[in-house]
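Dropping the structure in here first, questions after.
All chains are identified by letter, namely A, B, C and D, in their written order; residue positions are counted from 1 within each chain.
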């Protein structure tokens, strides 16, 4: 039985998911597409013989031929399409951010709670990366004792000119925040953003940044974003526990000995680093819906929490001081992991 | 358009391929199954609503509902089913060995040559492993100069009691032979099998073995098989070139620092190590057939060459001396890679 | 020509230096020893046929048979013996701290400036570690661009019960502070000490600690002290530059593959990790004095700066806030490195 | 008490030992030098105020001011000076080879046995390398089970034009042979030398070579010599045991992340790789003599065995076949290690 998926937003990331579903994954097909740019939607649909093109995302969501929705439109439209999917009672996979403002995330949570079961998954794909999964297994096993510090390094070779000062927090570090919450199984309660000496490659950007966050139990989370570091796309992570540490290993597949050095490749970009995570993320989402099992992926609460932490981070950067993070009460719907 | 596949042989490896095609890959479905043990075939088909059960592999091959055939029956039956597939003009994926005797492999080659185009792919899945592919890319790039020596270490934690003296060559080292031919782009012309001091864990088995082979141009291929080494499933490879070397890197995803040591996991078995290669192997086979492109995977000649090298290895082990490897003329059908 | 050395303080570290000089190094001999515990001094002298025992450090310093002085007595006595050595015009090697208070360090600086040439070296042995030296060479070469962040991890398996809250700063992190100043070639201007979740192995100790310091040019220095981490003595360092990073490599000499893992040893304690650095530190000190070349090792200013940073750190820990570091003017005597 | 050493042969390696003893080691002085080129000996002695220059090695050995002898003259003169040292009852450290012919080595053994105690140490410095020592400790501990295969890779970036075909065996691989005997605690009984495809950088040299040796108990020793491999001086070693393996780790001190790769330095030459081993070798030799303890370093039997293995290797290279190694009976004098 094939899951019929409708995709709202056929830009780069939407096309990536479509290609993934049609060419690499099992159990799903693209039944409908929609985009603010109707010509683009049509063009994408040309390669998808069974896909209907809708003028409006709302119509796509309500179509009888659509079992589940993927939202890959601009962030500012996420709230509308996710709420519509909940109203239609259909599972919806929404790329991050769940919504651009905390209040909007809250509205999604309220709607989902009113619906009574989880329908929303947010695209924090790192939770599906094989290395992060092993890291979490090691941490949960107690092998290194209780976690006390978590280092999370997020290095990009470069960013486009449109990248603004806040994006190192809301676009880049947001992944590190979600990893911290997921690995530690705790909420974050405070953040302090500290600009380092400015990388001259990044013009006026405050880059790199150190961010020191605290979890409920006092674990310190030490995030570094370096978004103009030239050498590659390098994702680092180390959990320091009471008796040991666990860290993401280097991922080169081949060691080369040449010209006085032993060397291994570093990924060029996030695609190379996380291609497998995107595949697994969507396949598990498809399988969960097909089997009627409740989804275990990042949910609306996770999307909301990430947005609140980002907001606090942006405030800390402006204020030059620590900012407390207040999430409010978590509905019981999101209790079990 | 879905490729309808018939599977002959529904034992462990056949079931693995079926699961892979139905649950992880895109573009194909299981349309038919068959097994010498009809009850097993029926049981497997229970989970496959669209699969017909055939009493005989021959009938399965001829069925109009079968576009392509996978042969995962006992090695001694491979020749019959591959020849029947060629006669039916259908693509066939055959697990190694292509056939248990060189003469049988030759008959398959003759049939395929008579047919006029390649239909057969042999299951040397290492060619689809991401690390081996990077290794080949590095070697082909000239970055380390012309290859002079190739080390290939093949270590199994243990083997079943039914494992015989010759299996270290025909079942285990056969993969290393194929890798050597593929990485070097040359045939092997001689082999010398040297038993090391016997591992007491392996009873009367001659284990480990060193095998020294030469390629046409004089490259030495140094294969080690250790099939009772307890510590894990460890696949090693290093190409020594004129100005550098390239080797398979260690593959641990997470480094753990604990109890006085930094450590990384070694795979437990071939499944853990090569799961991704199996997926890629089948997906590329499906995609090639669907697109009508000539398959680029290991072909009948590769299957034949592997069998001839294994025969020479078994002879060398018995004789205690170097044995020459004579392949004869390669038909033009197999020229282009 | 042998350099005759007098050692004040024959406790553990004093004995280590004596053993090193007599059994491993070239060009020096122990001519005199002294200790507050005269019996201990005598006992140590028993193995040193040419060493005279002095009741008072002052007398030892003034002895005609002593060319140079090593001060390894309790920290609170360092000022007295270093000042006396300067007064006698003799080179003096003083274990850290140079003095326990900044004002005392200032008095030493004043005396040395009045003397007109450098006589004092402080025992920051990490500057002599081969790995740190390569790290500095890489940083200075510009290969990774201008440094922007420096991570310095200092992990001890355990500390004695007498270890107090402040010692993680003044005894442990002091080495990291000196490394930061030396690697960056800049002074530190601010410090913020952040306790992480408490390691239950350390009782009431605030352990681990994160310390975020800034250099004059804005480089962030990120120090972690974990002093009860059980797994080993692990010294980590990474300089993040504009286009790359350089980090201390793991130092295992042998990789072991066993029981499902590849592992390498981590040093058990500072002795194992830095034994070579202690040798090099003393040999270069001896060689410099013997050759009449001005010493290039850590000087009084370095000792003073370390003490001021430590004071600021202790204040930050108590205040829970950032504390500025003010060194005042550096005398020209310490300009050239 | 200082050990007075006389050095016969003041060429490059002799000067290195002299510098090491006078500038880095403890407990010894150079009391005498001698060289076939008297002018060179005089020049070297200029920097050694206490060293007497002798016209003949024989006179140096007999001088009352010489306690122990170091022989670093041409290999063909070793026998004469070692025999003279034994006749004088003085400890003698002889660089490899002990003698260029097995019969000469036998004469030295006979003289030493007649003398009744060990006086001779041969300069196989790898036994003093910290990494090889850890490797031996791991092997001896039983942690990886009984050794079954030993890989020994010996890679030089380049060799001078004077390097002959046999030197890959007698000058290069001789170190690997000694390591194999020492690590395994067994004699070698056979050797097979197999030239690989010729490295075009080495002209007519047969390079690289694979050599497969067997030990008494059947362990296979797999030596690779690559003497024109350009990328660096790379010494590899892996002992394959019944349940695990132990291998020399890479020795880079600093990891650099730059330009898409993580890389670590490989030593440029044997000096960089083994400088510490040379220091330890001489310091332990000096200490042993000074303390009157019987020396535990490589002895005359080790020197003889190495020469016999080399002879067999040269014969195998010429014959293209396996050659048996026959050492004869080992005198009891060399029993204890």
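Everything below uses one rule, namely that contacts are C-beta pairs under 8 Å (C-beta built on N, C-alpha and C of every residue); 3 or more make two chains touch, one makes a residue touch a chain.
Given the structure is predicted, the values throughout are model-derived calculations rather than measurements.
*Asks:* Return the chains common to the contact lists of chain A and chain D.
*Replies:* B, C
*Asks:* Looking at CA centres, what chain is most distant from chain B?
*Replies:* Following the centroid criterion, the farthest chain would be C.
*Asks:* How big is the gap, in whole Å, between where the Cα atoms of chain B centre and where those of chain C centre?
*Replies:* 58
*Asks:* Could you state the distance in Å from the CA-based centre of chain C to that of chain D?
*Replies:* 38
*Asks:* Taking each chain's centre as the mean position of its Cα atoms, how many Å separate chain A from chain C?
*Replies:* Inter-chain centre distance comes to 44 Å.
*Asks:* Hunt down the residues of chain C that sit against at least two other chains at once, touch-wise.
*Replies:* 230-231, 243-245, 252, 257-259, 264-265
*Asks:* Would you pull the chain A residues touching chain C in the complex into a rising list?
*Replies:* 145-149, 194-201, 208, 210, 212, 215, 217-220, 222, 224, 226, 228-231, 240, 242-245
*Asks:* Across the complex, what residues on chain B touch chain C?
*Replies:* Against chain C, chain B makes touches at 230-232, 234, 250, 252, 257-266, 268.
*Asks:* Chain A touches which residues of chain B in the complex?
*Replies:* Spelled out, the residues of chain B in touch with chain A are 21-27, 130-131, 134-135, 138, 143-144, 243-249, 251-259, 264-265, 283, 287.
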